[in-house]
Structure formats: C-alpha cells, structure tokens
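First, the structure itself, so that you have it in front of you.
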Amino acid sequence: MSETAAKKRRARAPRGGILASPYLLLLPAAVALAAVSVYPLYYGFRASITHYLYGREFGTNGLTNYRIIWHDTFFRQAMITTAKYVVLTVSIETLLGLGLALLVSREIRFSGPIRVGLILPMTIAPVVVGVMWRLLYDSGVGVVDPLFQAFGLNPPEVLASNNSAFISVVLVDVWEWTPLIFLIVLAGLQSLPQEPLEAALVDGAGRLRLFFDHTLPLLRPVLLVAIVLRMIDAIGTFDQIYVLTQGGPGVSTQLISIYAYNTAFLFTQYGQAAAMLIALLAMVLLLMIVAVRMMRRVAV
Amino acid sequence: MTEDSGSIERGKAKGRGYTRRQVMARGALGTGAAFGLGPLLAACGSSGSSTTTTGGAASGSITIGSFTDPAMVPFRDVFLKKFTAETGIQAKWHETNYNQWYQNSKTDGLQKTGAYDIYVMDDNWVPEFAAGGIIQSMDKLGLKVNPDILEKGLDQGYWPPRSGPRLKAFANDAPQLYALVIIDDVEILYYNKDYFPTPPVTWDDIYNIAKTTKPPLYGWTARGVKGNPIMQTYLPLLNAYGGHFANDDWSPGFAGPEGVGALERLFQFIPYMPPGVASFDTSQETPVMLQGHATAMTEYTGTAHGVDDPKQSKVVGKIDFAATPKQVISGPAIGTFICGIASGAKNTPAAVKFLEWFTSEKVQKAFAETGSASVTGTALRDPAIAAKFRWLPAIADAVDNSIPKPRTPDEPKMEDLLGTALNEALVQAIQQKSGYTQIAQSHLTTAANQITAYLTQQGTYF
Amino acid sequence: MPRIALYSTLAAILGIAFFPFWWMLNTSFKQPVDIFAGATLYPHRPTTDNYHRLFNTYHFGSYLQNSVVIVTVSVAVSLVIGTLAAYALTRFRLRFGLNQSALVVALLVRMIPGILLVIPLYITLAKWGLLNTRLGLILIYSGLNTSFVIWMMQSFLAEIPRDIEEAAMVDGDSRLSALRRVVIPLAAPGLAATAIFSVIATYNDFLIALSLTSTPDAQTVPVGVSTLIGKIQIEFGPMAAAGVIGALPIVIFALLVQRHFVRGLTLGAVK
C-alpha cells in the first residue's frame, strides 16, 4: 500500500481512551523490535565499510571489505556449500514431511502419541542435537562404524571424508526439521475443506489422482509457508555444525554462518564478517520477495 | 570495536602516516573520561617510566577465566584454594571450552568489562591480546619474575617477541612481558614400551615399528581435524625436517622440499593409523593409545596424567616418554598455558600477587608434585619428584628444544589456512593411497599462497 | 496401504526419531572405560557419576535456573507486547500502511543472521552494564520473540469476529477490558501455540547466549552443554549426560502441552 493512499484513509478514532490508541498499543513492540534490529543492522552495515585491524577501527574503507570477500575463495565456497545444503535439506524435508503428514492424517490408533513422537526431534536444542549425533557418528564411541562392521563392510569414517561428512550433516538437519514441515502440513491438511475431496471420491477418483488433482493444489499455500520458514532457518544453520564438524573436513561443511563466525571471532575481521552477512541478508531478502510473489500467485 | 588507544594503534598510525597526536586524541576522546590519562599512557607503551605500582596491599578477590583442559585440573582444584588459604584473597574460577573462551575473553577484553582479572590463554593469543591492549604490560605493573622460569616458556609472554620476525610497526619497540607462563606445555613423544625396547629417536624408528602393526594395533595415532588440531600433528614433523611455519621475512617456509617431505612422512603412516584419523581430535586420538591400540603418538603433556590411571588406561606402566622424533633436528611445538592480566581488571594488585605467588619456587615444586608441567627448571628436574612422574624431565628438555609458532596476531588465521590445507591433503591421500608427493606439494603451495596473500592484505608485514 | 504396513512404517520412523535419544541416554549412564570398549545397546555397568559431575563440577544447577528464569520472563513479556501490537494491527486501519509493513518488518527481524546481531548487542549491553546478566538476555529475547508473536497472533486474532468484542464494548467494557475478557479467551489456543514455539526457540537458542554471557551467573543450558564439547578434551560421558539434561526440560514441556501443538496451528497460523 502506498503512503499517500494510506494517508487518505482516515484512521478510526480510538475508543476507550488514550490507552487504547492503536499506536500506543504498537509502541512497546516497535521499541522491542527496533532494539534488536535497527541498531544492529546500522552497526552491521557501518562495520561492513570499516577498516578493522586486530579488533580496532581505522576509519571507513568504502567497499574494500566487499571486494575482499568477493575475491575470497573460501567465501565463495561457503556460499555454494550453503546453497547445496539449503536445497538438499529443505527438499528432502518437504517430501518426507508431506508424506508423513498424509500417513498420519488418517484415522489411526494412538494418533496422539505418534504425532508427539514424530514432533519431538524439533523441540531439542540444535546444540544438543549436535551432541547426540556426534555420539552416533564418533568412530570410538559411536554406533555407525560397528553397524557397518556387523554387515561385514568397511567402516565409513563418517566425519572424516568430504562427501560423507556433508551427507551426515544434511541427515542431522533432516532428522531435526522434517517434523516442522510435518507439523505445518498436518495442520494444513486438517483445515482443508472436506467437500471437494468427498465429491471427488464419490466420482470414483483413485487415491493418487485425488492427491495430485485436489489435495496438493489446496495444500500449496501451506507448503510454501513451510518451505519459506525452513529456508530462512536453514540458511542460518550454525549450532549443529559448530558441534559436529566445525566446517571440516577441509571446507566441505563450512556454511556461511560458520565461516562468518570464524572470520569475526577467530580472525577478528569484523568488517569482512559484517560484509559477508549483509551480502547474505540481501540474498535472503531477494529470495523472500520471490517466494512472496509466488505465494500471492498461488493464493489467487 | 573499541576506542582505547593501545600500542597497535600507534603502530598502525606509523604505517598509515597518522601523527601520534591524532591517534592519541582519538583514543583519549573515547576512553579518557573512563580510564584517566595515566593508564592510557601506560597502555600506549610509550612513556619511559611507569607510575603504576602494585603495592603490597593486595586483597579482596580475583576472577580467573580459562578454557577447560585436563592440565588445568590441579591448578583449579588445588592451587586456587591454597592461594586463598595463604593470602586471604578469594579466587573465583570460570571455565568453558577452548573456542568459546577465545571468543569470550577477546570480546570481554576489547570492551574492558572488568568481568575477569586474569585470562588463562593459549600462548599464540599473546600477540593479539598484547597488541590489542586487552592485557596489561607486566613490566609496567612491576611484576617480579622468578628467574628460574625456563627461558623458552617465558619468551612466549613477550610482545613484541624477543626473537624471531616482528610486525613492521613494532620493529623498534622494546619487548615487554605481557603474559606469564603457568604451565609449560609442550609436545612430547608417547610410546608403548611393549613395542619399543629402546626409546625411539628418529621418525624412521617409529615408522619401522609401525610397518609391523596390523589392526586393531596401529603404528601411529594423530589429530587430523582441520585447523589447529592437525597443525599440532604436522609441526613436530615440519620442524624435524628443517622446515618453518614462517621464515624470518614472514614468507611461508613449509612449501619447499622440507615441508613436503614432512607431510609425505605423515602420509606414509596412513596404512598404520586408525580409521577416521582425519576427524580425530585429542579426545579420539588419545583413547587409541590408552586402550593399547597404538604404539606411539606425539601429544601435549596434559594426557600424561591419564596414562597410569586404570579408569582411563589399559596400558598402566607401559607408556614412556621422549623428545619428539628427529630427522634433521627434534622440534617439538610449544603450547604453553599463559596468564594475562586484563586491562579492565577490577583488582590488578591481587592479580599480580597471584601470578607471583603461583610461579614462586615453593609453589612450583608443589605443582610439579601433582605431575603437572611446572614452569621452573628446578621443579621439573627435581630427582625426587621425577621419580614419581617420569615425564617431567622430558618436558624440561622438550621446552628447551621447542620451536615457537610465528608471533603475530594473525597466527590463528595462518594456522587455519595451513591447517585446512593439511586436512584436505590428508583426506585426499587417504582416499587415493598414492601420489603423496604431488598431493603434499599442491596443498602446501596453495596454503603458502593464501597465507602470503592474507598477510599482504593486512599490510603490517612486508 | 494395509494396516500392518502402515503401522510398521510408523514404528520404523518412530524408531529413527528415538534412537539418537536412546544412544545419548545409554552413553550417559556408562562408565568412562566402557564408553570406548565397543558399542552396547544398554549400559552393562550403569553409573550416575556423569550426572553427579554435571551438577557438582559443571554448574548445571545454575544453567537450568538461568534458562527457566530467562525463558519464562522473556516469553511472557513478548506475548504481552506482541499480542497488543497484533491486536492493533488487526482491529485498526493504521496510517502509513503500517498494517502490512509492520508484518514485513517483523519477518525481516527474523531473517537477520544471528552472528550479525551479536557484536552490536554485545556493545550495547556492555554500555548498560548488562553483559553476562539474566536481564540482558531477557531484554534481547523479548525483542526477538516479539516478531514471532506478532506474526502468529495477528493471524489468530484476525479469525475472531469483531462483533463479539463490539457487543462487549456496547455493554460498557473499555477496549482493553474487552480484549482481556472476550478476545484473549477466544484466542487462547493460538496464544498457547505461540507461547509453546516461543519457549522452545528461546530455551534452545545458542549463539546469542554464547556471545553475551561468560560465566555460569547467566549462561543458559545450551551454552552449558557446549562447554563440555572441548577442543582439547571431550569427556563423552558427561557430554552425553549434559545432552540429556539439556533435552529433558523441553521434552517434558512438549509432552505436557502436546494437545496445543497441532490444534493451535490448525486454527489459524497457516492460513
């Protein structure tokens, strides 16, 4: 809505005294949101154009930090790794979450406990999830290597080779976050109008046809919300990786968040780290705009 | 992040052509009101004499922060209480894991929050903490240094360094003591006497025994995780083969034949190392040794406490200690635990008193009697104590022969670049099982180029 | 799909969901020597030593206390201010396109990478002397949660017909008392779902708590858990026990409030 259009509309007069003025109701939230966004964003942007040496500021240096990260092969690598990670995890989670929701949405026994059981992984702190999986993957105390040996296979050295480490962290993410998609889709399924589905069944549509022709189109807005939420969070994944691999071996699991963290706190390059994150934020925003557009089109 | 004017700011100013006055004014604007001019000048490391004195009236309490490490256990559990009992000064202790403590102490120090009086540090943090004004010059505080402290250990606390290359901006500054060593940790060779009737001296000795091992017995166990851990595996090899992490002109000294040879030697152990070694850190590496599944490893001294503890070890009495193996020389990496006094410390006199007390002869002997790596020669070489803890004399020798890491605030970044390349090389070598020379050469050259590019970009070196 | 196949599929999936828990629980009750002595599905010589050490040497009592206080207060604060804002957004036509833009801003706050937040927040808290305090974390979490609360609550409140509260106001209630007496009870399931998700997100946060606290005076459970993941030494037993203690409160919480999970969402959030 444009500003002028908004101005033309008359705000409704508040009823019930000054305390109920809508702007006053908004004020505390506005202050709270501003405190954790406006100043940090301003600071982050300023830091991204500041020259730091060993943690000290030495004036602005224009776009130098951006130029440095543009030429930084580790940064590029981290972008690619993050993109791969987000696409892989979110698509697997969407498929599994959708499947699970369809499975459980039917009338089954023990549906309450089963649902809670399926949701539990997403309630656990990612740090703890990292600990759990480290205990499983570890070659000394874990269960993965003995499992392979039991089948007469060579132990895979899960976290010691590039591909298997990447797959391992993807699996952890899938384990933890499929429940979120499951939960959102399940809620969506339960609020679908039943009439068109029943009508289709009466017309003799098969289960598969029913799903693709009726259920899936109705679910699409819900799915999009779930996917967008998951993508925002997946792009910022930090905790489990910090616990499991610290980005290794090599740089095979080094996501942007890990590399930016190291750049800021290990190498004390606040300016470059801020530039990375501002660039990342810009890309996320772009992604969101595209997603919101898509959602609108779907909703119409 | 901070406006205080420390010595690095002066150094940078020289390089960029700021005048001293401009920089000082900027620093004074930010912090003059809060800290007063006296400490400001002291932090600048400029004016000849210091007016700060420690005085004898230390009292109250101090807060010490540290990373968690088995080597710190006696310090934490026994000696803090002892200090309180003898002086009446309360000593509070907070510990967290290594990475977190590095982040916490650094941000805490740059902001001078006063949450801590003493930071327990890894020695390679000293340049950054000293140059960044996070810790105070102990010379200026008048801290009395026990002359019996081993030279190589004490060296780690100086900024700019007393020997080796220096940052351009600090080329002409007089070295000052910024941190005091409290545990002389250094890498030593752990070997199982069942397989080595005589102490191994060279890398060939280790390799010849390794060749005879078959799983579940391994000839070598090591740390392979990228970054700092694999560096601890590589450095004793690199040093032994005559290479250098950094040359005296700051150029990388590991991409030549010495460094490549050292890495190839590590690769030759691949068939005789436990599976998953590329993801090993200390906590995976040492159990292999203590469960009796490895014939030898190089590791810091903290692990020595565990070798005779039946709760952790199945090889009680079988492990012995020696200097890290030679090729050209024996070159163990030194990694001391070292204490700095926070610039924001609330109780500097008591912090000084604590460090003087802990490094005194009497306390150091008592410290050695817990099997710990004391910092004085007399304590480490005391025959009565060495009879009980057979690794102590080996530590003293190793410290004397040790080779420090490059002394610069950029060392963590350099370590990360080389340590990432080493880990990638190891992973590739394990997969290919051949072409070791080429793998070593290409990854080391990449790391050398990356380090040179980074140091050039920092602008404080060449 | 035949019933038997359905139930065995579900059983297998539940098995996958639960096994990591079990393995952590199992490891946490093992003796140090047994942990490395080969994989066993249950501790053969169980011990509670690891738990004793958590509370005696590793300050887990303080971590738990801090977490409970910080989560309770910050979620309560953000529920109140977020609901008020959501109410204003759904019941009034505001100037400057605030009705839409406020939602976009709230979503934007959620998208800012945590690492970008921590340095400026650190400096601000340092200025106010709130570093390493519960209050500092409470303030920040209240702010961060508010964005989520506004999003959830505006969709729930939009579902509640205006006639009901207007009837109450005709009967003499002020707007705020109508909100309290009529609207909130109707929105209770949504409020519950919002509270649940806020509690989970706040309790589980790691990066912000990690960066803004440095001692057990204010450190929360996830930070406490991570202190045991040493670089130089990992004690797997206490680490596993710490994981169990870190997960337990939230698992219990989830079980207690399970009914509201799906129901709350069904009512509105995803429409």
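Quick notes on this structure:
So that you can tell them apart, the chains are marked A, B and C in the order they are listed, and the count of residues begins at 1 in each.
Convention: contacts are C-beta pairs under 8 Å (C-beta built on N, C-alpha and C of every residue); 3 or more make two chains touch, one makes a residue touch a chain.
It should be emphasised that the depicted structure is a prediction, and the values quoted were computed from it without experimental measurement.
Chain contacts here are complete: no pair of chains fails to touch. Look at the CA centroids: the one farthest from the centroid of chain C belongs to B.
By the count of C-beta pairs in contact, the leading chain pair is A-C. Averaged Cα coordinates give chain A a centre that lies 16 Å from the centre of chain C. Averaged Cα coordinates give chain B a centre that lies 39 Å from the centre of chain C.
Here the CA centre of chain A is 38 Å from the CA centre of chain B. The multi-chain contact residues of chain B, meaning those touching 2 or more other chains, are 1, 99, 103, 107, 287.
Of all residues in chain C, those that touch two or more other chains are 36, 119, 123, 226, 229, 236. Counting partners per residue, chain A has 138, 140, 270 as the residues that reach two or more other chains. Looking at the complex, you find that chain C touches chain A at residues 6-7, 9-10, 13-14, 16-18, 20-21, 23-24, 27, 35-36, 38-39, 78, 81-82, 84-85, 87-89, 91-100, 102, 105-117, 119-121, 123-124, 139-140, 142-144, 146-147, 150, 169, 174-176, 178, 200, 203-204, 206-207, 221-222, 225-226, 229, 236, 239-240, 242-243, 246-247, 250-251, 253-255, 258-259, 261-262, 265-266, 269-271. On the chain A side of its complex with chain C, the touching residues are 1-3, 5-7, 9, 11-12, 14-17, 19-20, 22-23, 25-26, 28-30, 32-33, 35-37, 39-41, 43-44, 47, 100, 103-104, 108, 112, 114-136, 138, 140-143, 146, 175, 179, 183-184, 186-188, 190-191, 221-222, 225-226, 232, 235-236, 238-239, 242-243, 257, 260-261, 264, 270, 273-274, 277-278, 280-281, 284-285, 288.
Chain B meets chain A in the complex at residues 1-3, 6, 8-9, 12, 16, 99, 102-103, 106-107, 110, 128, 131-132, 224-227, 274-279, 284, 287-288, 409-410, 412-413, 416, 420, 423-424, 427, 430-431, 457-458, 460. Residues 32-33, 36-37, 119, 122-123, 126, 131-132, 210-211, 214-216, 223, 226-236 of chain C are the ones that touch chain B when the two sit in their complex. In the complex of the two chains, the chain B residues touching chain C come out as 1, 65, 67-70, 94-100, 103-104, 107-108, 111, 113, 115-116, 228-229, 281-283, 287, 291, 300, 302, 311-312, 314.
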